[in-house]
Structure formats: C-alpha cells, structure tokens
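My questions all concern the structure below.
Chains here go by letter, A, B, C and D, matching the order in which they are written, and residues are numbered from 1 within each.
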Amino acid sequence: MRFLLDAEQRDFAASLDAMLTAADTAAVVRDWSRGDHASGRALWSRIAEAGVFSLAVGEKYGGMGVRPVELAVAFVELGRHAVPGPLVETVAAAVLLAGLEEAGPAERLLPALASGKSAATLTTGRYALDADMADVALAVADPCSGAPRSEATLFVTPPPGRPDGPLAAGSPLASGSRSPAPAARPDSRSSAGPGAAHRTPLRTTSSPTPGGPPPRPSLDPARRLFPLPSGGELLATGPQVSEAAARALLLARLSTAAQALGVGLALLDRTVAYVEQRTQFGAPIGSFQAVKHRLADAKIALEFARPLLFGAALTLGPADVAAAKVTACEAAYRTARTALQLHGAIGYTAEYDLSLWLTKARALRTAWGGPRECRALVLSGGDRRW
Amino acid sequence: MDLAFTQEEEAFRAEARAWLAAHVPDAPLPSLETAEGFAAHRAWEAELAADRWSVVNWPVEYGGRGADLIRWLIFEEEYWSAGAPGRVGQNGISLLAPTLFDHGTEEQRERVLPSMATGEVVWAQAWSEPEAGSDLASLRSRARRTDGGWLLSGQKTWSSRAAFADRAFGLFRSDPDLPRPHQGLTYLMFDLRAPGVTVRPIGRLDGKPAFAELFLDEVFVPDKDVIGEPGQGWRIAMSTADNERGLMLRSPGRFLAAAEALRALWAERGSPRREEDRVADALIGARAYQLFTHAAASRFLDGDPIGAESSLNKVFWSELDLALHETALDLLGEEGEFTDTPWSEGYVFSLAGPIYAGTNEIQRDIIAERLLGLPKGRR
Amino acid sequence: MRFLLDAEQRDFAASLDAMLTAADTAAVVRDWSRGDHASGRALWSRIAEAGVFSLAVGEKYGGMGVRPVELAVAFVELGRHAVPGPLVETVAAAVLLAGLEEAGPAERLLPALASGKSAATLTTGRYALDADMADVALAVADPCSGAPRSEATLFVTPPPGRPDGPLAAGSPLASGSRSPAPAARPDSRSSAGPGAAHRTPLRTTSSPTPGGPPPRPSLDPARRLFPLPSGGELLATGPQVSEAAARALLLARLSTAAQALGVGLALLDRTVAYVEQRTQFGAPIGSFQAVKHRLADAKIALEFARPLLFGAALTLGPADVAAAKVTACEAAYRTARTALQLHGAIGYTAEYDLSLWLTKARALRTAWGGPRECRALVLSGGDRRW
Amino acid sequence: MDLAFTQEEEAFRAEARAWLAAHVPDAPLPSLETAEGFAAHRAWEAELAADRWSVVNWPVEYGGRGADLIRWLIFEEEYWSAGAPGRVGQNGISLLAPTLFDHGTEEQRERVLPSMATGEVVWAQAWSEPEAGSDLASLRSRARRTDGGWLLSGQKTWSSRAAFADRAFGLFRSDPDLPRPHQGLTYLMFDLRAPGVTVRPIGRLDGKPAFAELFLDEVFVPDKDVIGEPGQGWRIAMSTADNERGLMLRSPGRFLAAAEALRALWAERGSPRREEDRVADALIGARAYQLFTHAAASRFLDGDPIGAESSLNKVFWSELDLALHETALDLLGEEGEFTDTPWSEGYVFSLAGPIYAGTNEIQRDIIAERLLGLPKGRR
C-alpha cells in the first residue's frame, strides 16, 4: 500500500499545470463563453497531445488504457485552470463506446477522441454540454431512471458532411461546415419528457446551428448546455448500453469530482494571494484571524476531498465515487463562498477572472450527480466495507 | 406588549393590498439590471408614485403619506407578498433621502425629493473606492474648492444602479491635510451626465451590469449640492446609519414572501423530507426577522435609538437570504445552475449580502465590541 | 402594535432575576441533582410568591389568569438561573386541569399549584420529571400519537396519606410521608409500550420511593426523569382531555423555549465575562477575532430567538410556538457549544457551575417537542400567514 | 499509487481479526472513567499484551510486534470494528512512549515500556496548568535541583486518567530565570503515589472522573526519570509532536466503526430521510479520514516528516466525531439526553475533541500560518 502519487504522476500534473498556466486559460474561457471555440479548440489539441484523452481509451484504439488515477490527476489540473469544453463528456463517451459489445463504434470513433481530433458530448438527461462544437454527440436514454436496464439505448449523430455516418473510419474533426438537419425518428418521444430518448445533431461550427435552440444560460458562462432536439440515429441498445453507461457515469463523476477539486484549489490559491496583498485598516486582511480561519477551513475541506478522489479512482466503487463527487464539490463550493466573501465586491464581478472559478464551483455541484443522489448512493452501500 | 394593529392600520393594509392587486404587473418585469428592465422599473416607480405608494413614510409634501414605521412595515409586507417588482429607486429613497431629511436644506428637499419619489431621477450611491471597501474612511477621491462650488476628481466603484441612473451621492475628501482619515470629507450630490464623469458599467457574477465604476475628472458641483457643512461628511453619513435606516434597508416583507415561495417550491417538488429542515428554517428565519423588526420599530417609536443592533440585523438577513436561495437552488437540482429560473437573480443577489453595507466580518466585530463589550483587538 | 415588554413586565423580570441571583441557584441545583429537594422546595415557594405559577392559573382558582407573555418573561429568568424542578410541568398541569369540562379537579388542585403549596408533574410519554417530589402527578395517554383524539385519558394520583384522593379540597403540600402503592388498574397497558396510559404515584419524600424505579440518568443532572409504573386513577377522558392537553402542550413548549433562551443568555454572559479575564499568549482571549465572532454569532442566534418567543406567547399559534421552541433551543445549544469551546477544559468539568447550564441546553432541545417535530409543525402551517 | 495490501499485511489482518473475535468481551466493559471500569480495562490491556496486541508498532523487545504504520492502521481498523474496549494505556503508549524511543535512555525504555505494554503501570499526562492551557509554554510548576534528582512543586490540571493511574509525565520549569517561556523546561516522569503528590479527581460533564488535578509539594524525582537533557523539555516534547504521533492520536478505525454504528442506528430508526445527509456525511468523513491517514502514512514511510498537516487532521477528526455523535443523539430523540445509552459516553468525549491536544482555534492558526503562509496576526 502506497497511497501516494508516484513521480511520474506528479510530473504529469506539473507539466499539465505548466502548459495550462502558459495557455492563459481565462482568455480561452471568455472566448468559449461567447461561442467562439477557436482558442478552445487549439487548447483541446494540446491537452490531447499531453495525453489526457488517451487515458480514457484502450490501447487497441490508440489510447493508453483507461487509467482513472491519471485521469483524476489530469482533471484536477483542468479544473485548476477552469478549462472549458466537454472534457468530462469526451472521457465518458470514450468509456461508453469501448464498453459496447460491438467493437465497430469504438474502432471508428475512439482513435479520434484519443488524439483530440474529435470532441464528444454525452448526455443521459435533457441537456448536452457544448453540443454546438462536439464532433460526436451521444445520448443514452435515461439508464438511471425507473426504466428496466435492458431498455437503455444509445443514439449518435453522423459527423456533418459525412454521409457514411459516424462509424466511418477516422472521423476527423471537420470544421466550418454546418450539420444537416437530423432526420426525425418517428418513434422518438417529446424532447421535454423525462426518460425520453434524445439525440443532438453533430455540429462543428463555432456557434450553435442557426435556427437551432440556443444554449440555456448557466451561471457558469463556459458551460453551454443545449436542449436536445428529438430524433437521433440508434447506435446500440440493450443491457450492453446500460452496463457501459454505468461505467461511463462512474468515470464522468470521478472526472467531475477531480475538476471540482482543482477549481477549489485554484480558488484557495487565488484568495490566499489576494488577502496577503489587500490592505484594510492598515494591515493585510490575511492577518485577521477571522480571515485566516475561513481559509483554514477551506484548506481542510479540500485536503480531505483529495484522498477520497484518489481512493475512488483506485476502487471505482460507486459509493467511493459518489463520496468523492459530493465531497469535492461541496469543498469547492465552500471555498468559492469564502473566496467571494474575502475578495469582497471585486470577486462579485464577471470581469474579474475569479468569477470563472466561482461560478464553475457552483455549477459542478449538480453536474453528473448532485449532492442528494451521491449521498443516497453512499448510504445504499454496495462497496466493500470501508 | 402586543402585535395587534389598530383599525386604521388594518385599513391602511387593506388599501395597500387592494391597490397592489389592481396594479402589480401580471408577468415579472425584465431584470432591473438591464437597460430595458431599468426603464420598466422606472415606469413602475411612476405608477406607484401616482397614487402615493412609492415613499409611504415620507411627508405628504414630498410625495409620501407620512406613514410611520409600523405602516411602512405593513406596506412592505403587502408589497412583497403581492409579488411586486424590485425598487429601482431604493438607493435614493433609503440612503440619500434620510440624510436630506436630517441634514439637507429645505431647498434641497424640495428640489430632490419629488423627482426621486416618481422615479424621474434615479440615484446611485457612490461610496466605495478601489482602496476603500470595508475601510471606508480611507477615501481618496477629492473635492477641490472652486468658484461657487467644487471640482470632483478620482474614482468611485461598486456604484450600484450607476450603469443606468441619473445622479449619484457620496463622500469626497475636501481637506486632505487633516490628520485623521475621517476628517475633511464632504457629502455631495452630482450628475452622472455632467462633463468629466465617465460611467463604466461592471457586470456582476451573472454578467448583468448591476453596478459601475465612476471616473471623475474635475466634475463641477455647485454649492447647493453639498449636504451639510463641508468637511462634516463622515459625521453626516454616519449619523443616519444608526437611525431607522438600519431597520429599513431590507424589509421583513421581502423575506416572508421569499420564504413562502420557497415553501411552495418545496411542495411543488414533492415536499422532500430531506430538505424539510432547511425550508422550515427559512420560514422561521423570516418570521424571526419580521418580529425582530417589529420589536426594533417599537423601541424606535418609543424614542430609543437604533444603534449597533442593526449589525445583528445585517448579519441575520444576509445569511437568511443566502441560505434560503441555496435551498431553492438545491431543490431545483440540475436546473439550479441556469440563470433563467425564477430563483437565479435572487441567488446571485443574495451572494452579495454578506459583503455590502459593511461586511459581515465587520458587523461581527461591532457586535462583539459594542454589544458584548469585548476588548478591541487588531482584528 | 407595541411589540415590547412594558415597564411592569421588565420590572417583573428584574425582580425575579434579583431574587434568583441572591438565591445561589447553582447550590440548589446540586442539592436537587442528589435528590435533596429541601433547598429547591424553599426556592419553589419564593418563585410562587413572586407570582410565577399564578400566571398559569385562572382568577377563579386563585391565579392571575393564564398570561403567556408573563410566563415567558418568568421562564427566561428561571432558565437564566438554571432553576431545577417541574416548573414547566406545573404550568402545563395547571392549564390542563383548567381546560377540563368538569371544574372539580381544577377547583381542588389549582389553588395549591398557584400558591406553590403543590408542585405538579405531567407527562404524555414514558418519563415524568421529578415524579419523586411532585405532589400531583398527571399522565395523559399519548394525545399526540395516531390514536383518535377522543380517546385521550387523564390519570392522577392521590396525594400521599390523603385517602380522600386528589380532589380533596386544599391539597396542601404534605412532606416526609410515603405514598401508598398505587392500586393497579386492570385495563392499563404495559409501562413500556408507546401510547400506553400511565400514571405515576404521588410522592413527597425527598428521594424516590424505596423500591420504586430510580430516575433514568440525564446528562443534565437536575433533570430527574422517572419511568412511569403502570396503573393510575382515571381523572377524565374524551375530547375534553385532548383539547386541554393540546393547550397545555403549547404552554409547556412555550415555557421550555423561554427556559432555553434564558439558559443561552446565561451561557453567553458567563462566557463573555470569562474571555475578558482569561489570558493566553499575553492577551485576554476575548480580544482574538475568532473568539469575538463566535460570541457574536451566539448573540445573533439568541437575539433572534427572543422575538419568536414573545410573538409565540402573544399568538399561541402552534407553528409560532414550535418555531420559538426549536429556535430558542438551537440558539441555546449553539451557545453552549461556544461556551464550552471558549472556556476550554474548565468548562468541561461537572464541578464548574457552567456545566449546569451546558447540560441543560442540550437536554431542553428534546423536551416537550424536539427539533424534528417542531420544524414539521412549522411546515404544516395552520397559523395565519406570517 | 495503490491501496492494495500485501499478502503479509492481509495475513496480519486475518490474525488480528481472529484473535479479536476470540477475545473481545461480549458485553461492553464498564466505563473507563470509573474505578471498576479502569480495573477492567487494565485487565484487558494485560490480555492484549499476553498475545502482543497491546503495542503492535513497538519493537519486539518491549512487547510489540515491530509493526509498521500500515499494520498499525490495519490493527486499529480490526480492533474498533470488533467493538473492542477503549484503551486505558493510550496516554502512555501514544504520548510518552514515542518520546522515550526518541529521547529516552536504553535503561528508561527497558524499565518503563514493558509494564506500560501490559497495563501494569498506567500513565497519565500532566501537561496543563490552570494558567497554561493553549499557551503551554507559560508553565509555572517548578523542578528544583536536589541531590540525585529534582523536587517538583506546583499544580497540574486536566490530567487525563490521573484519577486512577499509577504514574505521570510532564514538563516542569527547572530554570525560571531564562528570558523566553519555552526555555528552561525539563521533561520528567513521576509517581502519582509518591510523597507530596495529591490527586484530586475532576468529574467531566457527565460527572465521571475522566481527569484530575495534581498538587505537587516537593515531590522527589530521581535523575533517572528525567527524559533527555534538563532544560530541553520543550524541544523534546515538541519534536515528537510533529512525527507520526499526529497520525496516531486517533486512528481511522475508531471513526469507521462509529460511522457504521451510526448507519445501523439510522436504519434501526427507520432510515429517516431527514437525517440522510448527516449519516452519509459521517460515513464519508470516516472514509476520508481513513484515506487521508493512508496517504499521510505513505508519505511518512517514504521519509517525509508529518508536519503542520497534523493540524488538518486534528480539526477534521474532532469535528467529524462531534457531528457524528450529535447526529446519533438526534436520532435517539428524547432518549438522547440519557447517559445510559450506547452513545452518551462517546458524545461527551467528542465534546472535548475540539479543545484538547491544541484547541481547534490554535490548529486553524497553524494551518493558516504554516500551511497557507498567511502573515502572523495578533490572533
């Protein structure tokens, strides 16, 4: 038992951190929030080059095998730098595709996801993150609802301008072209109904398809959540989808927990730096005991979320992953509240970069399993005895 | 000790309720923090004022009804319970007007108050500066004497409403050579469209321009827009901070209405027992705030000053407001992150509550030192 | 509307406070906790002389009419001085007896309760406070359970050595004599079963009846809760009991809320005094900001419980009373936690008087309606719109 | 990075589990804080020691098994999961023994440790004094040089276990003339039954004599009972405060077992959803503490010192313990006030957690200053 990142893992974190520090991610986030994906796409490629997406893809599809610990390491850094885009969703999509019985979809789509040529979005609900820029859009019909697990189905959209469909080899990133209107599926249900089987058209333009629905505004401007139109092309169905989706959900939740921890760590660092230089009443406010204790509490919350995250990465037990998710997100949100309070009014402004982390901390709490769902999972047990 | 209202007070309540039932817009107005919403809210102020409901506690000659604090509380309960719009004139009405009543000249009151009551002139506050947040006495913006008035220079920030407002008020350093930072400040009113004023709107967390930075470059202000004696600004600003304004900053009616809305949301979501405690605590907190305010108003009407206890008030309502909105967002689940829900604007606003009007940290220092008598520390 | 105590009410509080301050209540509590009721009985008489119990008794029975506001005023002071004994229970018993259709029980028992010649205990559950010293012991068969309200019954025990029973005129305080074993009621259920109709024998000895069950130990040593033996003499039955008991419960809850607020106020006062004189690191610990802020929070909690208490006293609405109960008790417990933390080890000792308030703050939380029950009542509505 | 135990570690776990299954008393022992319970717990220490389970991490020659930190963690998990009794020898084993290993003489180790391991000699700590709680350096009790040893005089307090223990250890001021309070302190061991020692038991909140005051009047201590150099007591006491002791003060196994018991209580009470969050948070907290400790142990085994991060530890487990027990009491409802429930003793004990071993306020100061690098304030 050595419950410690090894030197290689620490180096990986450090090199990602250095790359993202140099990339001025705050500016990328602001572009992305406006629907301008150019700088974000460039960053996406560098993240892929660093090997992040390969960590979610098996070796036979050009990846390095699914490596949850390294994914957690990477997503902490992605969160620390508030990197925008369907990062979690691309990981989850890769895991889902690899878990299907048919190898076809994985063979065709995974290499491009691993290499960063494609980005994927994936939804099990009503909204898909960054559906306007994702090259592959997957929708699972509500595997977590009351529906029998064997009924789960998976829809995918063909890449635009590629009539040979999503299973065509390579599936490279097309850009600048608009997707065709998706063919309506007669048996698909209304887009508003819960548990409905949705799909979303694949788009590679840098803004939502003209005439398509705009993203619903999130408090985190970088989170562009698109309502899903009805229709979609059936990719797979049956228990294989449910099983693969369950595993994908675990990885999505784990990655989100890591991202939230990174967001929290960044908020703490920035706030510590701020209170050291901000002077009121003739002293740096960081010398006031009330300020110190709030930051100490944030530190405690984050440092105890960290081992839950890596423990969950090692066991992938549903209760462990749920515990990591709720704890990292609550720690990040608590840190955000502290960061806002100690910055005062400047922290409350959208133009100050802190806001990019503050709003993300709130939004991630409910992404891929909110606090209620995660705590219920912890109580339902199912893991080995802790 | 009683909680009974007189027949006259009940009649006043009935009149307010009836007027509101007939006039409150069916659909919510657009956000106050947008140009479109600002205009709509200004029109609503005029509608209120037309029937003397915009400033019920002011004397009749300035557009009010001469209502006492009790009637003001009654009006606010009815107002928020009716789902009426936010008040775009709040800064002027609750911050500037009390100062004019106490320290202004009759000429100033006659000139400023009626147009404030109708919303024709909307006022922004201009207290903070980049280096003077909680430590307000460290203001640097200057007022320099000139013929017939003053020239303002410097920078103000976090000026709420200033993105769309007409005029502003604040403190300026008119004598920079005095030894203590509280000395030599002058309280002035100025035009946000005067030459030399640059207004830069600032977006709050959800992007809406809820406040602005003001850059002032030799902005002329005539003597008639100085409130009280030059150099006495700090004393003037603080003397009304401890009066009923501490009571009137956030009326109980707002929180009673918000807590009822939370209860309705909770019921609509199937009354989850898991959130029962938090919903109950929001209802209880709103009730506690209502009764605390009733008690404070009763003391005030008996002639007791409202002192440091307004710090209790400030911490309580700001934490109540935040907890209430966080509970609502949690009830919304995944929908909670969207800014187009009926709860988002209130949540974002509630996040600022522990910061403005004296941070809650400062308020706790005041409670400890002035109400509990603990020794001053270095903080 | 003048939501303020008037001069008379403030004077009443001040005179009670002065009397209790002079009475060295801490020593009384320690006697009481050992089962030695002599000093407590003496204090009881003085509290009665001050008119406290008269506030729960109608004028025709020798009281001043039921006056909830004045009761709240009095119980704040009783709590502030940690006065032991079945104070709340005596108030509730008086309200219950006066609410019965038959005037007989009230006529016979209330004058002695008002004058302090008798103390009463009352229970709706499994334990009766200070049953070893109470002169009148009442048990209501579970009016709050799922049982139809019309089934509520009220049992009473005859005063010891008075074969003419509890309805005998005067019912003066006997002392030193043992109660006879109560006649078993054939239809009474087991003492352990919930919803059972119990009674408890009246005792005036200063320790529990030899051979009878000892009190179950409470964290608050002054709270001597006795399990109820089966049996009891039926005093009244039917909806009249339920209705009277409901009103008695409101008064019990209100008085407990007031007592808790008083406990919290005393804890705050004592802690403020302590941190002003306790020096560590060369300064009074009351000058440390973290200490100041914890005390400020306690002050806020208590000061917002206060108007809820008096508001509830004026309306007697069930939701108002429940809100006051839960809020006052939570504020008192929170203050107790702060008081303990800021006192450090000395506060953790039974011999230091602070412990008498600390442990009471915890125990009162669950007496006469715990937080869960009170919050549920608030949500169930039933009051006018607040 | 892994959480996997070796085959040898798993075998160690199996051996511990089997032994505990065979030996843990069926019924709980009487409270440790009573004379009867103290004796029963002392006998239990002997039973543990007979099979070398009382001090698994000590070297074999002193009665241990030479277990590393990982095995210690495994043992503790099994120990508390088996519902085994509290450890009456804890003060000596976790506070004095590490100091003897680092700073004692071989003679001292041979003389002191074996009887500590068997419970034959139970040790009390004697750190605090009436005027020196959090500010430990301000100790006043004196050690005065005499022939062949020292004479101790003064008063110690909050000496846990001292009501029934045999010996004690603590710091005494041997040179009162030095300018800084940390200087001139000497670390000594002494007999609680020596002439001149008066032990006055002190009842904690529930009345049980969990600690005592010690009045020392010219108590003779031979030189052989001085640990390290005279005058170096502060350095010696602190040097082991930052090592693995910070890790071993409260083992994760205790909280894992308590959280599981809470889950069982919650289930027994019908799994009320209202308490679901708090029960889940107790389980999660215990798991977090387990994994945090695993990580810290791994770093320690890699040669990194355990420094100020033990302050994170202290605040976390003490708050977890309190929240866990408050939840249990709330689940018990009206029964929660009784001291004869299975939860009462743990609750009362948990109340002290944020106070002893450095108050949580001090720990937060340390976290802010040493881990976050914030400037020292006046506190």
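We adopt the following convention: a residue touches a chain if its C-beta (ideal position, glycine included) is under 8 Å from a C-beta of that chain, and two chains touch if they have at least 3 such contacts.
None of these values were measured; they are calculated from a predicted model.
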item	value
Of all other chains, the one whose Cα centre sits farthest from chain C	A
C-D or A-D, whichever has more C-beta pairs in contact	A-D
CA centroid of chain A to CA centroid of chain C, Å	56
Rounded Å distance, chain C centre to chain D centre (Cα mean)	40
Mean-CA-position distance for chain D and chain A (Å)	43
Length of the line joining the C-alpha centres of chain B and chain D, rounded to whole Å	53
Multi-chain contact residues (two or more partners), chain B	274, 276-277, 361, 364, 377-379
Residues within chain C bordering two or more other chains	283, 287-291, 293, 371
In the complex, chain B residues that touch chain C	1-6, 9, 70, 81, 256, 260, 263, 271, 276-277, 279-281, 283-292, 294-295, 297-299, 301-302, 309, 312, 315-316, 361, 363-365, 367-369, 371-377, 379
Chain B residues touching chain A - in the complex, by the definition given at the top	128, 131, 133-135, 138, 157-158, 202-207, 211, 274, 330, 333-334, 336-340, 344, 348, 351-352, 354-356, 359-361, 364, 377-379
Chain B partner contacts - residues on chain A that touch it in the complex	125, 127, 216-221, 223, 225, 279-281, 283, 287-291, 337, 340-341, 344-345, 348-351, 355, 358-359, 362-363, 365-367, 370-372
Residues of chain C touching chain B in the complex	1-6, 9, 69, 268, 272, 275-276, 283-284, 286-289, 291-293, 295-297, 299-300, 303-308, 310-311, 314-315, 320, 323, 326-327, 371, 375-376, 378-379, 385-386
Contact set on chain A toward chain C in their complex	288-290, 293
